[in-house]
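Some structures are shown below for you to check.
Note that subunit A is present in both complexes that follow, paired respectively with subunit B and with subunit C.
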Partner chain A sequence: MKEIQIHTLFGAALLSGIAGILLIGHGISIGIVFFWLPFLSAANSVRGMAKYGLGTGNASIGYWGTAVGATSAFIASLCCGSTPLPLLYTATVVTISLVIGLATGVLADKVIRMKIPRIELNSAVIAVSTALITAGFLLIIGSNYCLYPFIYIIITLAVLHPYNASTGAGENQKRTLLLALVEACMTTLVIGIVAMLASGSAMPVSDDVAIVVVSVCGLVIAVVAWYRLVKSDIYDIRWTGYSPAEH
Partner chain B sequence: MVDPLIATIMIIAGGVLVGVCVHFIPASATGAMAAATGIATGPSMLSAGAGLTGIYAAAYSIDSGLALVIVSGAVGSALMLLITILCGNIMLAFGIGAPPVSGQTASGKSTFGGTKDIITGFEQEGYASPGTDGHGMPFQTAVSGGFGALMGGAGGALVFYAVYSMTLPAISTENVVTLAGIVAAGVFLINSVLPAYVLVGKTEGMFDMKIRSMHRTFISCLVTSSIVACVIYAVCELAVSEVIV
Partner chain C sequence: MAAISLLLGTALAGFLAFLAGVFEDSESNAGSASNPNSQVQLAPQIGNRHRYFNKAISGEPPANALWATTAATIAYLLTAHFGGDAFSVLVASIIGAAASTLLLCAYGVLSHISRIASMKNFEQTLYWDSLLTPLPLDAAFGFLTALMLTLLAFSAHSLLGNPFSVPLLAFFFGITIGAIGSSTGDIYYGAERLYQHYIFGSGIPISVQGDIDVKGEYGYRNSVDTPYFTMRFGGLVTGLAFGILIFLDAWSRLFTFAGVWTSVIVVSVLVLIILIFIYLLEVYTRKRYGRYTED
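== the complex of A and B ==
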């Protein structure tokens, strides 16, 4: 089956992420669904880098990419986080993460000389995608600094885990991305619950409830689709008595 | 508190220290099966763990001045790593009966040549199980790890203190510690993963031949940390000027 190209997925994720930030910036909280695509794009790039056996684990690459993206968003939130112009905030976050992500990728390729195809592109994609997600989550949770490490960890896990869980004989992009979608929905669900708890009001805020509801719907659909695909892929594998292999 | 420009230089220096420290910390994924010398995890993840412990330790002494913050970070990080090494050695020696032995030294391929531990003079050849590249963490490897963790912890603490100094005028004290901590952790993770490409998943520390590739790590981390430091400086200056206006 033909795979989705990195730049195609990234282009869609960039537009989707910007749309999500603009919607949330204007008070439409269900705009959080637009962050699912950046999750897919980042997980796809972790897959793109890790499948070449890059000398470090999926976990490292996930932490690395998210470190660039999330750190860019955290720093940008200092000067632009409270701005009434979400577009300015988005532009700052994307620019900073793109520059640092691209620079680390180029250095890994040219100076460290790890010859992984398109490492600089993948590195930039992970950085920008995670930066957009972080920026969006910061707009939902507000300037609650105690939650910064939590946001960082929850995004990292959803980005690095899909390929890690799907890797091995018979791994394919469709199943990895569907698992990424499952984890993206799970992450936005947790963010919705945390936003409810952090709001401090006796009754849950309707915006936060909307995030939870839309995330649960997405999660159910994604889990069912992923589980069907797993069963379908397992059907192709025949037990031979030898170590697991593709037949 | 330090001047923003000096803080920028501190972030660069801290980032480089963090990157270089990874070369000194013995780690190997196959160490989990006692098939190679080093702590049983990837070098980058182990260094990141040590660095984060350092930042955590440094945060407790943030009000005591720069020197104590650096010492606290370095000692916290080194303690974490040495305890890990000690526990790893106990597990390997008493759990599966594998003595700590340097694979590189046993095969005569260590930085200083010879088949003996450079510090204790213990013979390494003959103690490595057949088909393995050593196991556990012998004394020279543990010393290298401790040295690396001291550097990493000090680097993390430097970045932490620098970001703390730069952002303090813009936001309240309790929030600035969290922000500085997470930004320092971010800088740590960016710099600690870069050397993984040089180490290819395994190193025995300063007695491994891969230490000779350190210049590549140095240049990469210098450039990356410089870009990150400049961005932090610019953003913090903007944020502080907004607060003052």
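== the complex of A and C ==
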């Protein structure tokens, strides 16, 4: 099966992420669904780097990219997060993360000599995608610095995990990306719940409830699609038993 | 009053850290996470089809950072709603830990099914019972770890006066405990328990990687057996390492002889003492037992 190219997915994720920030910036909270594509793009780039032999050690490579992305968004939110122009905020987030993401990729290739094909491109993609998601989540939850560690780590795991969980000879891009979608929906669901708590009001805010509802709907659809693919890929599924070769 | 609070905080932090270490190592072993996970992953490729819970969640440090940070963040936000006294901190921490445990279960189930689906070429079957039997055990240990780390973060912040926020402290504790569990505790599971049919202490040469024990005392070995075994040593050693680390670090809050530099001086002296002790222990061990020999 033909795989989706990194730059194609990244282009779509960039537009989607920008649309998400603009919608949320204008008070439309369900714009959070536009961050699912950046999750897929970042997970695809982790896959792109880790499949060249890093295997289960993909955590380190993804940490690096997501750290650049999250840090860029945190800096941008401190500089111009309160600006009434979401477009300026978005442009700042994308520019900072793209430059630092590319720089770390070039350093890894030219100075550390990690010898991973297309590490510059993949580092930049992970950084920009993560930065867009982080920037959007900050608009939803609010720029309370106490919540930065939570935002960083929940995005990081959702980006690193799809390939890590699917590693093996039978891994394929479609199933890994569907798992990334499942985890993206799971992440936005948790963000919606945390946003309810962070709002400080006694009753949940309708914007936050909308995030939870669309995330649950997305999660159900994504899990069904992913599990169908699992059933077609897997050797066998049983409730219990032993290997036929042994008994 | 401040001195009593600091002494209480130091003792409580050390105790909570010890418990968190024991639970964390057991949680990772119930799910074959971290280093042993690579061995469980390799097993079907060399013909050892198994019934272990294959829970790969991007390494122990980030996974534990997520459970601890999620629990602490929810607890931190809930505490503001509940009023902020000690009882509300406890209730909020329990709710936060329960929420993070649900996340752990979701990631664990997705990992196991995905990994097995990628093993089609090696004829590895997905047995639901080998996933659903250890999952509640894994979740229970995960809940206790997240709860202990959240309470530890609140203790460090309030009783010990740590300037960082509760979620950030929980994040640091999660990364640290994951790293300790991965380096200290896993050896007892990965290098020993999974390789019991090889001579004790012979290590894991590349030629035998993946050739793990798939049968136990009776029938096929499962992931419920593993914490039963590792709790006796690996869990306690992980708890001891993390407990000592937090307990000694808390000492830096007990003294004030050099102003803001006090903690730097106290911790530097403690690190120096530990390094000297480790050096002497290694020299003694090498002299006492010598090199590893094939016989």
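The working rule: the second predicted complex is superposed on the first by the 231 of 247 C-alpha atoms of A that agree within 3 Å, B and C clash if a C-alpha of one lies under 4 Å from a C-alpha of the other, contacts with A are read in each partner's own complex, and residues count from 1 in each chain.
To be clear about the criterion, a contact is a pair of C-beta atoms (placed from the backbone, for glycine too) under 8 Å apart; a residue touches a chain by one contact, two chains touch by 3 or more.
Treat the numbers as computed from the prediction; the structure is a model and nothing was measured.
Colleague: After superposition on the shared chain, which partner residues are touched by A:W64: those of subunit B (first), subunit C (second), both, or neither?
Modeller: First partner only.
Colleague: For A:L160, is the partner it touches subunit B (first), subunit C (second), both, or none of the two (neither)?
Modeller: second
Colleague: Which holds for A:P149: it touches subunit B only (first), subunit C only (second), both, or neither?
Modeller: In the superposed model, A:P149 contacts both subunit B and subunit C.
Colleague: Would you sort A:M114 into first (subunit B), second (subunit C), both or neither based on which partner it touches?
Modeller: In the superposition, A:M114 touches subunit B alone.
Colleague: On subunit A, which partner's contacts cover more residues, subunit B's or subunit C's?
Modeller: C
Colleague: State whether A:I234 touches subunit B only (first), subunit C only (second), both chains, or neither.
Modeller: So A:I234 only meets subunit C here.
Colleague: Tell me which partner A:V99 touches in the superposition: subunit B (first), subunit C (second), both or neither.
Modeller: It touches subunit B, and subunit C stays clear.
Colleague: Touch check for A:V194: first (subunit B), second (subunit C), both, or neither?
Modeller: Only subunit C; A:V194 stays clear of subunit B.
Colleague: Identify the partner contact of A:G27: answer first if only subunit B is touched, second if only subunit C is, both if each is, neither if none is.
Modeller: Touch status of A:G27: no partner.
Colleague: For subunit A, what residues appear in both contact lists, the one with subunit B and the one with subunit C?
Modeller: 55-56, 59, 63, 145-146, 148-149
Colleague: Report the residues of subunit C in contact with subunit A in the complex, numbered from low to high.
Modeller: The touching residues are 37-38, 41, 45, 49, 51, 56-59, 61-63, 65-66, 69-70, 73-74, 76-78, 80-81, 99, 103, 106-107, 110-111, 113-130, 165-168, 170-171, 174, 220.
Colleague: What residues of subunit A sit close enough to touch subunit B in their complex?
Modeller: Counting only subunit A, the residues touching subunit B are 54-57, 59-61, 63-64, 67-68, 70-72, 74-76, 78-79, 96, 99-100, 103-104, 107-108, 111-114, 143, 145-146, 148-149, 152.
Colleague: Going by the contact rule set out above, which residues of subunit A touch subunit C in the complex?
Modeller: For this pair, the touching residues of subunit A are 55-56, 58-59, 62-63, 145-150, 153-154, 156-157, 160-161, 164-171, 175, 179, 182-183, 186, 190, 193-194, 197-198, 200, 227, 230, 233-243, 245-246.
Colleague: Going by the contact rule at the top, pick out the subunit B residues touching subunit A in the complex.
Modeller: Checking each residue of subunit B against subunit A gives 29, 42, 44-45, 48, 167, 170-171, 174-175, 178-179, 181-183, 185-190, 193-201, 216-217, 219-220, 223-224, 227-228, 231-232, 235-236, 238-239, 242.
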